[in-house]
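Before any comments, here is the structure.
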Amino acid sequence: MTLIRVVNPNTTASMTALIGTSARAVAGPGVTVEAVNPDMGPASIESHYDEALAVPGLLAEIIAGERAGADGYVVACFGDPGLDAAREIATGPVVGIAEAAMHAAMLVGRGFSVVTTLGRTAGRARDLAQRYAPAGACRGVHACEIPVLELETDPAVLPRVVALAREALDRDGSDVIVLGCAGMAGFCAEVSQRIGAPVIDGVTAATLLVQSLVGLGLRTSRRDEYAVPPPKPFTGLLAGFAIK
Amino acid sequence: MTLIRVVNPNTTASMTALIGTSARAVAGPGVTVEAVNPDMGPASIESHYDEALAVPGLLAEIIAGERAGADGYVVACFGDPGLDAAREIATGPVVGIAEAAMHAAMLVGRGFSVVTTLGRTAGRARDLAQRYAPAGACRGVHACEIPVLELETDPAVLPRVVALAREALDRDGSDVIVLGCAGMAGFCAEVSQRIGAPVIDGVTAATLLVQSLVGLGLRTSRRDEYAVPPPKPFTGLLAGFAIK
Amino acid sequence: MTLIRVVNPNTTASMTALIGTSARAVAGPGVTVEAVNPDMGPASIESHYDEALAVPGLLAEIIAGERAGADGYVVACFGDPGLDAAREIATGPVVGIAEAAMHAAMLVGRGFSVVTTLGRTAGRARDLAQRYAPAGACRGVHACEIPVLELETDPAVLPRVVALAREALDRDGSDVIVLGCAGMAGFCAEVSQRIGAPVIDGVTAATLLVQSLVGLGLRTSRRDEYAVPPPKPFTGLLAGFAIK
Amino acid sequence: MTLIRVVNPNTTASMTALIGTSARAVAGPGVTVEAVNPDMGPASIESHYDEALAVPGLLAEIIAGERAGADGYVVACFGDPGLDAAREIATGPVVGIAEAAMHAAMLVGRGFSVVTTLGRTAGRARDLAQRYAPAGACRGVHACEIPVLELETDPAVLPRVVALAREALDRDGSDVIVLGCAGMAGFCAEVSQRIGAPVIDGVTAATLLVQSLVGLGLRTSRRDEYAVPPPKPFTGLLAGFAIK
Amino acid sequence: MTLIRVVNPNTTASMTALIGTSARAVAGPGVTVEAVNPDMGPASIESHYDEALAVPGLLAEIIAGERAGADGYVVACFGDPGLDAAREIATGPVVGIAEAAMHAAMLVGRGFSVVTTLGRTAGRARDLAQRYAPAGACRGVHACEIPVLELETDPAVLPRVVALAREALDRDGSDVIVLGCAGMAGFCAEVSQRIGAPVIDGVTAATLLVQSLVGLGLRTSRRDEYAVPPPKPFTGLLAGFAIK
Amino acid sequence: MTLIRVVNPNTTASMTALIGTSARAVAGPGVTVEAVNPDMGPASIESHYDEALAVPGLLAEIIAGERAGADGYVVACFGDPGLDAAREIATGPVVGIAEAAMHAAMLVGRGFSVVTTLGRTAGRARDLAQRYAPAGACRGVHACEIPVLELETDPAVLPRVVALAREALDRDGSDVIVLGCAGMAGFCAEVSQRIGAPVIDGVTAATLLVQSLVGLGLRTSRRDEYAVPPPKPFTGLLAGFAIK
């Protein structure tokens, strides 16, 4: 019995529900997916500021997951916030959805383009591509300029994403489209069908990567960088995060 | 029901059997693993020459797999021979074991070292790392100088691999060890236990990555580079490979 | 009259005092240096976890600085935590001490080595070097394995840092040493004198870089990535961070 | 007396003849050029699949060349198929035409663009540029979408290549054009004259590089990667390739 | 009392005057700026040839500066000619204006574009970006095709630079504009105001970087590469440059 | 009839004679090699300062070569001084000896190490490797610490170079040795024989590369960067260099 905890690091419950549904749809038999979100932090993540302030809530959910015996974790925001910190405190593997989507994209094509929400997040997507992928794999980042919380309701999203994805394939010479927001998970199949090329949603990709790592018996290496943090005092609002 | 065809590109049946056992041990419920090897080509792959001449046999096994309705493929030699060509002719995803091992390694640590058979293959391992991973992820390649076909029988293998792995972690500052030969699959758990760090065997990693890609409904992109090859005449010994 | 706010992102006041003294020693006439630290978060920063949880406090100090009319900011922890987020909300320039030290190092030599506290932070130092410097500029990261909060009191620090610095110059072929912790600021001059090579302390370097940027009339670009974050609700412990 | 064996790895004799004529036109006094092609494999090379299946025939021609006392070899297909394997078994130097063309291009300009046949081969050209050239040297790959075997007869080739080459110089900011197919050798001089910039044909460039290496007394290093392959059994169709 | 010697490496005195005015406008209290130019070499620097022949004059001005007790130097031509040589013979720090501008740009944005004079100098700008900045920081180099010596008098310069800068921000996705010629220093403020993004002039940036390095007590490292040149005979026109 | 002008950029005639002898030994029939050196500048090149001051003399020799109808040029100092400038003013191709040696090395092995004179020149060698070769090709630079002008007379040179070369092959994992000074040309064959691996002397390699480029009818591209320099006044000592 494997328990995968999928953490949506923003505080919007409807988005968490959507993410949970996506993850459960691909999880194998014997795998329980628990989709959660913190009760502190921003309602959506659309800036470095939002991202930084989503991390304490994310870490609280990892800590809670450890108490609940989770076998692995998905960080379900395309900026992969707090991924390194989460790896230090989780017993099992932790995978970010940008990381998972980029890994999957590289397995079904030579180059990919990211289609994301706001243009201001493109820099973060490029930073992550540089961290996860060899030079040249990520060939473009394109923004539909629709805020995260309007993805569920704005009818313009699907046609906009399809148009951007088509343009990205042609202009960037890419083979694969990566969706740059957990809130786009629901569009994955339809966009793929319309553009005739693989489209990757990071939530499902990360869920199966975590399931695979658990299946392989692999955990984050405890050597150096991801060793358990040294204990020390924490004060003020964040006093509860102290590790003893 | 998912059929994954694991192709050992050399002609040594005992190694194929070992590879099949490893792959089956991790495959999920509902997944059938078929381990095969070609009947043409070299008995082991330890040079560019061997690798080049293993590819026709590998491709023959992919073609046979297509007829058998395989949903995806593992190329089970650490040089990932013929991977690009296999992707052009396979309907489902194809993953190489070096590719899979390096992907998995990057998910459980910041840097990995490869422990392989002969030093002469280190260049190929470095080439593959450059293709699959960002600069700096692969921090070293170390050879135990034991030929592939002696891995099963030489009692020196395990202690040699353990010693090399320990040294690699320290000297390279790596977090994770990648085993650089399909024939080392059987040592994975024990080496990991002895060195206290994650050790990755590509056969099992690739099997679960293929299973995951199939689960995500992802196939190799048919745009440009991996489109089906144009039909044309083939002559001589290889006439049977012509695509109509 | 220029006001530079130097934010020590941990909560240890004695370290803040030391940092303030260093910064003031180099600030030009007409420049006021205000050294502060948050009242929430970890007492020192020695892991990704510590770093992530130091960021809310850092951002609170930036917000307070904006109200106080600060012209620019120094982030005085060698991991440069929260730098991107701080740039989004600060009117004036924000410089991290790792960033400043690496910039300065590249102006007085071709290659530098970092001498830092704990080995587990070396990965972060390498990440930052990759972000700030061309490939090959950072030639090594070396840890004295003395915790941050013992730097002020442990008599072994100076000889250990001198020995590591000498070794780094020779083994890495470096020209310059970068001190990898704000808490090492006090050792800068003496280490330099003993090893006969430039040694950079990021606190002083960052203070003068911020002063220079202010002098040039340069502020963080508001295009795309560093635009002011979009307003949205924040909840729970962090509700006070909402931007209206 | 120097014997250079130029191997066209496809089975199309008319193309071999064209290649031989080009090579002979530049070879120095005292150099004999022998242009050959295998009798097994594909009629042209336009996919990874074709390329993989051209390699056994290429290697057979290298083996035959060794018996004939060849002093060096040209691999006359722009994908440089089997280059590493050929180097392991040849006594003298082996140069690929993509390799040679890119080397020559870098000696007469700062950046080059490749004009090739089918767009699906552009990925291979980019891979080779990454192997042979520093980052930034190859600034674009452009396809005329005319199949290899129509290059000799389709009157649209020359104007199409000229137009693409002009566009590539302007759009990519390149100084030099590299022709991306051995079958384009005949157009080299005229394209250069029309666009007013250097145009490189890899067949002639490789012939003179091999001649130069022979003149310098240089052979492929036998250390590690290019050592003679270890002997082992080969079976089936490819049994004849066994090295004793 | 700090003496900064700003060397315009061409022989055009009116440009030297302009550069001196810019530098003095930002220099701190207690800093004397001396702007000089050699009496040998080219009237402007618009080619590698010009640049190479400007270096002896530049070095003569560094030698003169050493006699005059200069504390640091600015090389005030965007090609940063002779920077490495100047560092070997100067006691204090030496900063080039391309170097300074790119450093400053990276502190106020993620990516910058260069707007320069002639297109033929773009290659040099790209080379310098590769030397000073991480991959991806310099996102484009754009030329207004106005010669250096017409910058002061041609009324088309300002509108042309503004138009190019706007286009560069949009097309390259850059946050910051770097002016690619010392002769553009006078336009910096106005271009910035019109395009609504930071614009960097290297002369002022370099002046404050040198002032900062002097303030930090930092000098060029004397280890290996920048050690004082070994003494030896010089002959002919350049005999006066011999170091005893 | 082809005239190749080999320019030793230092003023030491005995070294020029040695260089000429090496070049003539490999030049093909119908090729005349003219070895020259300037009458101005340093007696040897062992620093950036020497290199910068050798360039005017080098350019004077290129200008003289143009008048003499030279078909191509070799810049015979391992720092490749003035190469870009020479390309702007020469009608035929210009190749540096570091450039040629690194090109040749990449054709006979996967990685090379440089064995040079003084350690202070290692930075320049690394810079050139970064310009000419893909990342990872140059695996080390090793100095024998014997000054250039003692290479001809010091009996310790050969054993020192052999020892360093052996060590470099082992420690760097290189396949090929590149000699890092024109003055080492005479040792090439003997070092190669003793270490059992290819050893490259740049003088002979460059001579044959220039001969090959001339044979291919290739000249430096005149687009953008290497266009003829714009005419302008030159003053003082260097007035004679003005281009009309």
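The first chain written gets the first letter, and so on, giving A, B, C, D, E and F; residue counts start at 1 in each chain.
One rule holds for everything that comes next: contacts are C-beta pairs under 8 Å (C-beta built on N, C-alpha and C of every residue); 3 or more make two chains touch, one makes a residue touch a chain.
Note that the structure is predicted; figures quoted are calculated from it, not measured.
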Task = Have a look at B-C versus B-D and report the one with more C-beta pairs in contact.
result = B-D
Query = Distance-wise, how many Å sit between the C-alpha centres of chain C and chain E, to the nearest whole number?
reply = 27
Task = Starting from the mean Cα coordinates of chain A and chain F, work out the distance between those two points in Å.
result = 52
Message = Using mean CA coordinates as chain centres, what's the gap between chain B and chain F in Å?
response = 44
Ask   = Residues of chain D touching 2+ other chains?
value = 110, 122-123, 130-131, 135, 173, 224-226
Remark   = Pairs of chains in contact here are A-B, A-C, A-D, A-E, B-C, B-D, B-F, C-E, C-F, D-E, D-F, E-F
Residues of chain B that touch chain F when the two form their complex = 122-123, 126, 130, 135
Query = Hey, which residues of chain C end up touching chain A in the complex?
reply = 11, 38-44, 46-53, 55-57, 59, 82, 84-85, 87-89, 118-120, 122-124, 127, 130-131, 147, 149, 224-227, 229-230, 232-239, 241-243
Key: Residue numbers on chain A that touch chain B, as the complex places them   = 26, 28-30, 93, 95, 99, 103-104, 106-110, 130-135, 169, 173-176, 189, 196-198, 200, 204-205, 208-209, 211-213, 215-226
Ask   = In their complex, what parts of chain E are in touch with chain A?
value = 110, 135-136, 173
